[in-house]
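Notes to accompany the following structure.
Per-chain residue numbering starts at 1, and chain names A, B, C, D and E are given in the order in which the chains are listed.
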């Protein structure tokens, strides 16, 4: 146990150091790199506190996607005019107030009750009818399904918001610039070899999500990463945003989820209720389609607003 | 049946106002202006006193009732509205009035009628707002720089008055836990906020009746408004404040402090109005200062009534006010009519106008003399009564000055309109003479003969004579009189402007600071900590 | 001192670091990084809450764990939208400052059609 | 203190709540998929349906006198999620449905897909986000779970931010970015509080929390953080830095939605938190702090509105000011021994203020849009003569102004009257003085618009593009509703008492 | 038997950790991009391989060993590619060549 605590202590030091670096780094690029490190350390911490599903998500989203996106942004904005640093008084006040709020938060955490309240038992008790083995997936797709559904709508709105920044003339066009394919580039090789393996792994993570750590979002992230890799290697191009199949792909997941939910009114006596015996297949079906939608949305979010003329 | 007239009286103008949004109807607007006040007049004549109508709609029931003071003021106001309406459309020489004019006129009329019959606070407040705010659209009708300046001042004071009243009414309603004026008033003497309530109500209504120093809006407004508008505003609309004080001051209860304070302010205003008025040039401005003075007398009477717990003051004041409605309305129209006459025929206007004007000073046998007689009892014979007599002398002085200016400055208004303009004016002038005689017994319970008694005649004559003497004196010192701008104290506003600008600039500087990200976000953190602290401290 | 307390305090400190960056760093991109840092801290506290609720043979309460997953996705969506805005702002103006536009709100005639 | 009530059981008709949320959401998905002109058509189709659902919810509440409750997936809280509509929710839902529909009709001219194009950027984004905002608000008004509400708030932010920068000018981009970042700041704080609540009570369901919460250190910190986060999102003074540029910079129909509805979402949650999840907080000094910030908003926002040279920023600062009145609810509804009639007055006053401001502000911004389009600018100094050119619009703006000033018979008046009465009854007359000052200042800034608009132009106006009569009528209708709310309160007290145990017992049914 | 496995695991993982450490020291101490890459890729690929080997000895079940092998191979492959990309970039950026 002490050995474990020592490891935890080490991880906390690492996380704090990465956090400190993220805030204190001289340039944005350094800060973004530090943030990726922070995300990875956090992922390890999640493993330490018995939350492997969160660890996977943190690694994929927190460190991977968010980090990658911020690193990309920091290189793009390198030449941005730098604002003057906040004045000494501001900084001192900021330090004082942030520290006070953090102290309050710490105080609140220390004041959490014993024995702690928990829904773990309730979540396990409600799991058999869904046919799932992983209670986290149960929470995400059955008990609190509406959160998950709305979260997908949040993603779609973020995508719409990103697209809305395109100039009118380029509306409907392809995001990003065309990557040139270069047969000699190692990236091309990577783009050819890795995606098939990645897709298998992504689907595997989705599939095991029903019973073990993993699930739609983590799987979708890997698929999106593979797609992005192929795009970067110039093997495929990002589709034009006016493509009907693309739009369909984006809304298919939440759409199907919604339809299944509404069908619950008829067949299971309630919105987002699953008919007994069909719960697991339905949930898996929803998850598969969600994974595809998530992959598409993530790719498009990474690709940004349309930058090329729409197809005629 | 006759009670339905009580509903029709405010409803007809409102309905017509809404209907006038439809353009073709506005072609007949002139007729509408004359027609709209007719139910109110009928109601004043035929509806039984103490009849109550309650409409049970909405959040609060709307209650209308008619008592003697209300009926008197309602009737004469309706008459003035008819006459002024006729004047307004005759003056346009057959051209249609603008939509803004018609709608604002009708809305103001609706409010003007409503305040006299409203028996609950909600509908009274509503009517009071109607009589105050849409009138802004009438004040600025001439669309001149002067009109807009006056309009801005007018609306500022109207809104200020409304807001004071809102809080006053809220206090009153809280005291009585009822929205009926009668119930709320009955509870007022026991209210813990009695002083505050009275102060707010007097200040709010004082704004309307131009109680010093809240009078500054009145001269520029009347000066800038078209003749017919000035007539209804000075005659009818101002009486919303009078009826407000009648309705909301607990006149049956002895409240010496408040009453005497009100009386003192009122009497001061009665002289102050004259003092500034005699330095003015324009007849409309002089009439405005006369209103300041006359309303001061009314406030004094109410104050004495309040101090003595004299419930009869209400009727006396209403009678005094009714007389003022007709006279002041007729005098404003006279300014307009005078402008249409050539200098040689001017006497046809001047003579009747002079009689009416001197009536305000209490010339024997006029309505003014009757009015002064009616309030004499309330004022008493002491120093207050004496001061009231002296104020009559002062009024005479001011009115002689008015007639003088009226004769000396024909064509002060543009001389549109023909001879037929005189018709509504003459009608009103005749009413101003006759109606006080009709109402006198109703108001005082006494006989008309009392007014014909030589003692009474002398009592009202000597102030007039003194006033005439003062007028001669004034002519002697004409050149040496100081000149005050319209709205006298308003000139102090120019010192307030830079202060207001400084507040604005300071706020903009503050905003520039607050809209900086670090400032706002630090404040957010501070707020979070304070909120947490605020919850924990109390634990 | 046990692991939960340790991680809980770490979460609070990380949140404080994030708050400081969000308040004091003038560059929007750094604010965005700080927001994500702050989010990480808050999620970590949630993780501690989940860990404390370990029961029924589970290493942690699955409900907060699931909520963290949803929260991470939402935070990512926010980051994506903000980055897109930042990039466009940079392309248009060559800078990404938040405070100048507000304080120089004097340009009189930017009529909104 | 609120009597501890048992968590609500699902009621008949609860499915309406699902529809109220999912109808717009389904619309968003369809719009995104079909795109182009279909986006507008779908929005126009969803409007009557959503309106009907809102009416049905309100009617169900009025008839049964009980709140509607639905358990999603037939699973009760704490493990499952509940939706619940009490009187206040139904009122806000109804307001949202009406305003979204009105603004939808109004915006058709601004956001028509041009002929010859399959899909244009601004129309597609606007129509989709219109329904998205509707769905998000429905979540905020009906959600019972703090985390679902968090997701709803994010949905609201993500729907609102792109609307701010819809025209793509650099200033609006900056405004959108400020809005987004500050809103995210608020989200993080809200989330931190949510976490603590779960850690302490093992549930996030508001009805369950109401029976479990006690004001210990952790809860106090949690509530403080959540409240601060919500204040950032609702732009209460002095956290309003993002609001004026965002609301003044967005296209007129979008500004109308943002100013009238979107800022009410977080406010609604503060009410939920303080009166629902943790009853008893309003007795504490913290409630006075909220009231004080509200007072600052009223005074400061109004003074700045008086200083603005242009119409839309003026209206935006007026929103900052008017939001302040809403926060008077907190100090006024406190007090352990407070009579139910006073609570009633506070609730009704707050609700009427929220609703009438929503209608008035929607009318104001829409009217400002028409004026701006007609004149080609929105400088206040150049408004002379607009009254002649656009009489209906000017009339509507004046009417809406009446409500903002709180003059009778408007809804704003009714709200202020009730708040003043409550402040007298609770012997906190300083709030009455604030209402007094706020009314005067509002009178000032409304007068600054109306007076020049009604005067004759100095020189003949350049060619005015007269808006379609239909659009003017929509603006007028919005303004009239805000005024009529004071006269015809539509059974408001009865509705507001539904599901509000502090006042339910005194309302006659 | 299991004792032998444990000993092998400890040796293997320790050796792996040593290579990681060496690679990291190289990353920090070497003067330019190419030499740093040199230190990092070699040492890390070998280090990860040794760690994976140690872990595989512990699990000793088919699928798990397979997964570990896949992890190592993917890391090798992507590490190699990324090193190539960085090296290209470093060469292109080097001034005066």
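By our rule, a contact is a pair of C-beta atoms (placed from the backbone, for glycine too) under 8 Å apart; a residue touches a chain by one contact, two chains touch by 3 or more.
Quick caveat: nothing in here was measured; it's all calculated off a predicted structure.
> Which chains sit in contact with both members of the pair subunit A and subunit B?
Expected: C, D.
> Across the interfaces A-C and A-D, which one involves more C-beta pairs in contact?
Comparing A-C with A-D, the pair joined by more C-beta contacts is A-C.
> Average the C-alpha coordinates of each chain, average all protein C-alpha coordinates together, and give the chain whose average is closest to the overall one.
D
> Please report how many Å separate the Cα centroid of subunit B from that of subunit D, as a whole number.
Roughly 40 Å separates the two chain centres.
> Using CA atom averages as chain centres, what separation in Å is found between subunit C and subunit E?
33
> Averaging only over C-alpha atoms, locate the centres of subunit D and subunit E and give their separation in whole Å.
57
> Please tell me the distance, in whole Å, between the geometric centres of subunit C and subunit D computed from their C-alpha atoms.
Averaging C-alpha atoms per chain gives centres 26 Å apart.
> Two or more other chains in contact with one residue: find those residues in subunit C.
Correct list: 15, 18-19, 22-24, 26, 32, 45, 48-49, 52-53, 63, 67, 70, 74, 77-78, 81, 85-86, 88, 96-99, 102.
> Would you mind listing the residues of subunit A that make contact with two or more other chains?
Subunit A, residues with two or more chain partners: 86, 90, 94, 97-98, 101, 104-105, 109, 112, 116-119, 123, 143-144, 147, 151, 154, 157-158, 161, 165.
> Can you work out from the touch definition every pair of chains that touches here?
Applying the touch criterion to every chain pair yields A-B, A-C, A-D, A-E, B-C, B-D, C-D.
> Give the list of subunit A residues in touch with subunit C in this complex.
Interface residues on subunit A, with respect to subunit C: 4-5, 8-9, 12, 15-16, 19-20, 22-23, 28, 31-32, 35, 38-39, 42, 45-46, 48-51, 53-54, 57-58, 61-62, 65-66, 69-70, 72-74, 76-77, 79-86, 90-91, 94-95, 97-99, 101-103, 105-106, 109-110, 112, 116-121, 123-125, 135-136, 138-140, 143-144, 147-148, 151, 154-155, 157-159, 161-162, 165, 215, 217, 301-302, 304-305.
> List the residues on subunit D that touch subunit B in their complex, please.
Where subunit D meets subunit B, its residues are 178, 182, 185-186, 189, 215-217, 220-221, 223-225, 227-228, 231-232, 238-241, 244, 281, 283-290, 293, 300, 303-304, 306-307, 387, 391, 405-409, 413-414, 416-417, 420-421, 424-425, 429, 432-433, 435-436, 439-440, 443-444, 447, 451, 454-456, 487-489, 492-493.
> Looking at the complex, which residues from subunit B come into contact with subunit A?
Contact set of subunit B toward subunit A: 518, 522, 525-526, 528-529, 532.
> Going by the contact rule set out above, which residues of subunit D touch subunit A in the complex?
15, 18, 22, 25-26, 28-30, 32-35, 70-75, 78-81, 118-122, 124-125, 128-129, 132, 135, 139, 145, 147-148, 151-152, 154-155, 158-159, 161-162, 165-166, 168, 173, 192, 196, 199-203, 216-218, 221-222, 224-225
> Which stretch or stretches of subunit C touch subunit A in the complex?
It comes out as residues 1-21, 23-27, 29-30, 32-34, 36-37, 40-41, 43-45, 47-63, 65-70, 72-81, 83-88, 90, 94-97, 99.
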